[in-house]
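Take a look at the structures below.
Presented sequentially are two complexes of subunit A, the first with subunit B as partner and the second with subunit C.
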Partner chain A sequence: MKDFLSIAPARQIPIEAVPMFPVEEFRERVIAATRNGMRLIALPGRRTEAGSVRVLAVLASDKAGALFLGETEMDGEYAALTRDRPFAQAFERELAEEWGLRPLGHPWLKPLRFPCGRPGVTDFLVVQGEGIHEISVGPVHAGIIEPGHFRFQCAGENVVHLEIALGYQHRGVEQSICKAPAQRRVCYFETLAGDTTIGHTTAYAQAMEALSDAPAPPRAEALRAIALELERLANHTGDLGALANDVGFLPTASYCGRLRGDFLNMTALICGSRFGRGLVRPGGVCFDLEPSRSDELRRRLDEVEKDARSAVELLWSTPTVMARFEGVGVVSTDVARTLGLVGPAARAAGLDQDARRDFPSGWYRFHHIPTATWSTGDVFGRAFVRWLEIQRSLAFLRETLSALPAGESNRPPKALLPQRLTVTMTESWRGETVHVAMTDEHGALALYKVVDPSFRNWMGLAVAMRGQQISDFPLCNKSFNLSYCGHDL
Partner chain B sequence: MPSLGTGLNVLIGLAAAPLLPGIIARVKAMVAGRRGPPPLQGYYDLIRLLHKDHLRSRTATWVFGGAPAVGLAAVVCGLLLMPVGRQPAFFSFEGDWMVLLGCLALARWCAILAALDTGSGFAAMGASRDACFSALAEPALFILLAGLARQTGELSLSGMVAGLAPSAGLTDAPGLALLAAALGLALLAENARIPVDDPNTHLELTMIHEALVLEQAGPDLALMLYGAALKLWLFGLLLMNLLVAFADSFAVWCGMILMAAGIGVVESAMARLRLLKVPPLLVGAAALAALGFALIWRTTP
Partner chain C sequence: MIEILRARILQRHRTIAWPRQEPILPDRFRGRPVLDPAKCAAGCRRCREACPVGAIETESGLRLDMGRCLFCAACAEACPFGAIRFSTDYRLSACRREDLVLDGKMKSCARTLDEQMRRLFGRSLKLRQVSAGGCNACEADVNVLTTVVFDLGRFGIQFVASPRHADGLLVTGPVSKNMEEALVKTYEAVPAPKLVIAVGACAISGGAYRGHPKTCNGVSSVLPVDLFVPGCPPHPMSILEGLVQWLK
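== the complex of A and B ==
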């Protein structure tokens, strides 16, 4: 009997090498594999010529550092994975929405990105009873944030249930990627989730390089890692400041706002764009870093680290701030695993997973970065893991900048090989970013699937709010800080 | 009795009240390393809002339109009853401290009715929180004013403040200090300041006072904001009367500016409490007031 195919991330394989299983066996194999610590990281579907839907499961084994692939072909109804594996819920809702499959026994088969006008459940879960009231927030918010709808079922100030309806930012990115000319494609990734430009463009560039068997030069990989860590630093610092702002603690809020700008300016020093637009391209990077700017970068890092330390450590030493952070919005390790959370939200709940260590690609194969975890799973945990990651990223940057590999920083990209498949993973600041790419018989992109970390974590926020005070929602929300457009694509 | 000086004090209060939020914002900005809005920003905001149209929800009734004016009038009535240091109040009569608390309650009642009238979920949530917290802050105010009455043997606010300096000996100091502490906490709670409420937040779900006025716009909002500034002025006067009862009005004005700066420093140095922790704080304020009252009861013949 054939088994799931084991591959390394960012390597290409012929599509026909992926084993095909009957639906029932496919389901059992996925369930059995995930019982032993594997995670489901992507479940893309595609239409076959016969009209049925071919579904690819990508499983990740953190211990082995390997991905396992298997396919099935189905049409119409099948027994939902979610019944046994709740982390499949969003994947299966997506399959149902995009391909018309009907996962039987899915507990809440609601369209993922089209809140209205699509088949399936479109109502919100309503809690009934004395004193229960409903509060709806969004999609238009009081602050300048992305649109999303939050429906709270409350008993007084306590949240009984929160349901999050997204899709307002759906732009059809995945569909456009395959149709776009190769030169323009990267622009979709730069703005796929605006704050994760480097994370997504790096995953895309690696996918293209894998599919054309033309790896980027080491210097380019090092520069991509530098940009990725700078992106992490900017966003983590911004998040800590935003958390302080949400509890009304001004000193850290204002200083972190400034420090975030400093980190963004360092990215601008490398490539001229504060968000890293125009830096990463298939084949390498568009901007080299000569010694003078590299020294300037290191000088700025030293300066900013001192300020960041005093601003952030003020949070942990202020009792009124800690009283707001601790014990709020707890996600236990079990729940985090059951829901398949990723990134700082998962690590704060004690899940020891980090794609930079477990599935290293690019520069992370040569230079390791320690993984930061915490055990409490509350707002404090998510904030503190960010602070630990800030410190480790700073050390990583300093070491990488002092020993940049020599050589060229880009190579001309080659044509994609026909009928190939690759899976790339980067640990962007919000968590594991997974891209799955396939080419057709002419070497054109036939399928491109993006799994943003937000896609995996939104349910975590909904569950973290259960039994919490509704007034703590903004704080909890900020501690996850998920992307709407990364989810809606 | 009404006199030129007492009338002048009321006018100064009416004119200067919007300055206090401006000073607080300025101090907070300076602590955070920013320049901040000009201290007169409160006036600019009021002028801007007064130039706007009335915008009222179609579902709202006359209650929504009338509430801001009645609420403001209630606070102004309260101001008429408040002495300024050595100078007595514009109006003064026995038991006027109860009327003062009644005026404050009326202003809040109007704001809550207006919030409920719109049928907005956020406004109603703010109303429920405001009602809950002010119900807890009110006993503290009652007990501390009763303590002052007991200390001085007077039943009018002007009489209490005038009698405070001569009657208070060293043995009364602990009791009065407890009353002042309770008043400080009640001031922060009643005026929607950190650690109870965050006046700068844009997050609907955490708002208390801001949610209450979320539906108001234009001149209605101007009246609500002006009423809130006057209320802060009123509480500031009460605190000054307790701390520097012997002072003349100029010293009281200076004290008010210092108090606003102090609020700015407190707001910069601490985070806002969890909503769940606010009731214990307010019950604590009432307990402080009660303890002060008990001490005064024992030391006063």
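== the complex of A and C ==
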């Protein structure tokens, strides 16, 4: 009997090597594999010439550091994976929305991105009973953030159920990636989730490099890792400040707001853009670090670390902050695993997973970052994991900057090989970012699937709000800080 | 308490000295493009072909549309003659869309509000921010203006939670079709007279998403725009300077 094909991330394989299974067997295999600790990380579909839909399952074994691929072909109805594996819920909703498949028995088969318009027009779950009332928020929120719609069913001050309807940010990115000329395509990845520019452009560049069998030079990989950690530092610091703001603790809010900018300015020191625009390209990076620039970065890191420590540690020693952080918005380890959460939200709930360690690519193959986990799964856990990651990223940066590999930082990209498939993963600041790319018989991109970590985590926020006070919603929301456009694509 | 005070001393005063002093921007910062069409070779289109978003025209002399430009500098790299370079000048805003099109000649560019609006809003401007398909980079660098570093409030400008409290909208993103209605409704909720600011390449022209069937190619196709701030995303200084100059 055939088995799912084991591959390493950021390597290319011929598409025909992926084994094909009848729908029922495909389903059983995915269910069996995920019972034994594997995770479903992508489930892209594509139309065959015959008009049916070919669905590829990408499973990840964290322990083995390997990915497992299998395909099936279907048309119309099939028995939903979500019935047995809730973490498939968004993937199957996506398949239904994009390809018209009907996953039977899917308990939550609602529109995901409203690609045909009328966003937010759907049947929301309504809770009935004495004292139950509904609160509807968005798409336009009170702060300077992206749009999305939140529908709360409340009993008094407590949230019985939160339903999140997204899709307002849908820009049709994925549909344009394959058709776009290369010079424009990279702009999509830079703006796919604009605060994760390095995370997505690195995954894209690695996919192009894998598909053309032309790896980036080691110096480029090190510079990408530096930029990725700076991106993490900026966002984690900003998040800690925003969490402090949401509980009304203004010292840390104010200091971290400034420190976040200091990290962004370090990225700008490297490439001129605070968000890393123009830095990562297939083949390498467009800017190098001369010794004086590297010294300047290290000098700034020393200064910022001192300030960050003083700003952030105030949180843990302030009882009024801890009272709002601890025990609020709890996601248990089991729930996190069942929903397939990734990133700091998963690690804060005790899931020991980090693509930098489990599926290392680029510079992370040579230089390891210890994974930070916590066990409480609450707002405090998500905040504290960020602080641990900040410290570890700072140490990583210092070490990498002091031992940058010599050599070129860019190679001219080569043509893509025909009929190949690759899966790339980066651990961006929100979590595991997965890209799946395939070429056609002429070496042109035929499929490009992006799985932003937010796609995996939005349901986590909805579940974390159950039984919480409605007034804790901004705090819980910020503790996840998910991307709307990364989800809506 | 003593820890909080100690931290306060350590963190020092961090507000930038601008407008008294010019800001320190990174040397690799890509600000206002500088064109020198005299250097162009006849029939050369290398810059135009390198541009990911069609911001460059070469047919009737070299022209660059800052409203579409992502400031990636691919054109400058492609040009063997040095006809395009990116300066570190962060002052990019304009009130008229056509003023964002550069052709290498000096021209007067309207960057301030008209007299009557300035009398109304010059000392106090309340804005409601709407992200309409924005990627969260423009949003983040608008948000950063409210930190102690830029301290937007000292110029009388403030972001408010409700359009009904606002004098205008600051819009980011190409205006996804799915946000079009919400954007228009938010605009309608702002009491007249009202202003609209488009921040970033997406909001001005659709940016990287220009021509996508799921977006509207920027705010102008939906609402009248009074101020444009180019960039992808614009540096916070470009946004701040644009706003302050506008109200002067």
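The definition used in the following text is that the second predicted complex is superposed on the first by the 482 of 489 C-alpha atoms of A that agree within 3 Å, B and C clash if a C-alpha of one lies under 4 Å from a C-alpha of the other, contacts with A are read in each partner's own complex, and residues count from 1 in each chain.
Here is the rule we go by: a residue touches a chain if its C-beta (ideal position, glycine included) is under 8 Å from a C-beta of that chain, and two chains touch if they have at least 3 such contacts.
Keep in mind it's a predicted model, so treat the numbers as computed, not measured.
Participant: Will subunit C clash with subunit B on subunit A after the two structures are superposed, or do they fit?
Facilitator: fit
Participant: Which partner reaches more residues of subunit A, subunit B or subunit C?
Facilitator: In the superposed model, C touches more residues of subunit A.
Participant: Answer with first, second, both or neither: which of subunit B and subunit C does A:F473 touch in the superposed model?
Facilitator: A:F473 contacts subunit B only, not subunit C.
Participant: Output check: A:T320 vs subunit B and subunit C. Expected answer is one of first, second, both, neither. What do you get?
Facilitator: After superposing on A, A:T320 lies in contact with subunit B but is clear of subunit C.
Participant: Should A:I135 be classified as contacting the first partner (subunit B), the second (subunit C), both, or neither?
Facilitator: first
Participant: Which of the two partners, first being subunit B and second being subunit C, lies in contact with A:Y255: first, second, both, or neither?
Facilitator: After superposing on A, A:Y255 lies in contact with both subunit B and subunit C.
Participant: Quick one: is A:G278 in contact with subunit B, with subunit C, with both, or with neither? Answer first, second, both or neither.
Facilitator: It touches subunit C, and subunit B stays clear.
Participant: Could you look at A:F287 and tell me whether it touches subunit B, subunit C, both or neither (first, second, both, neither)?
Facilitator: A:F287: touches subunit C, not subunit B.
Participant: Just checking: does A:S176 make contact with subunit B only, subunit C only, both, or neither of them? Give me first, second, both or neither.
Facilitator: In the superposition, A:S176 touches subunit C alone.
Participant: Between subunit B (first) and subunit C (second), which does A:E157 come into contact with in this model arrangement: first, second, both, or neither?
Facilitator: first
Participant: Once the structures are superposed on A, label A:P147 by its partner contacts, choosing first (subunit B), second (subunit C), both or neither.
Facilitator: So A:P147 only meets subunit C here.
Participant: Nearest CA pair across subunit B and subunit C in the overlay: distance in Å?
Facilitator: Nearest C-alpha pair, subunit B versus subunit C: 5 Å apart.
Participant: Can you list the residues of subunit A that touch subunit B in one structure and subunit C in the other?
Facilitator: 142-143, 251, 254-255, 258, 318
Participant: Enumerate the contact residues on subunit C facing subunit A in the complex.
Facilitator: For subunit C paired with subunit A, touching residues are 3-4, 6-8, 10-11, 14, 26, 28-30, 50-53, 70-74, 129-144, 146-149, 159, 161-163, 173-174, 176-179, 182, 186, 202, 207-209, 212-215, 232-233, 235-236.
Participant: Within their complex, state which residues of subunit B touch subunit A.
Facilitator: Residues of subunit B touching subunit A: 28, 31-34, 121-122, 125, 194-195, 198, 200-206, 267-277.
Participant: Sort out for me which residues of subunit A touch subunit C in the complex.
Facilitator: It comes out as residues 114-115, 117, 119, 139-140, 142-147, 167-173, 176, 181, 183-184, 186-188, 190-195, 197, 238, 251, 254-255, 257-258, 260-261, 265, 268-275, 277-278, 287, 306-307, 310-311, 314, 317-318, 483-485, 488.
Participant: Along subunit A, where are the residues that touch subunit B in the complex?
Facilitator: Where subunit A meets subunit B, its residues are 133-137, 141-143, 157, 244, 246-251, 253-255, 258, 318, 320-321, 323-324, 328, 469-475.
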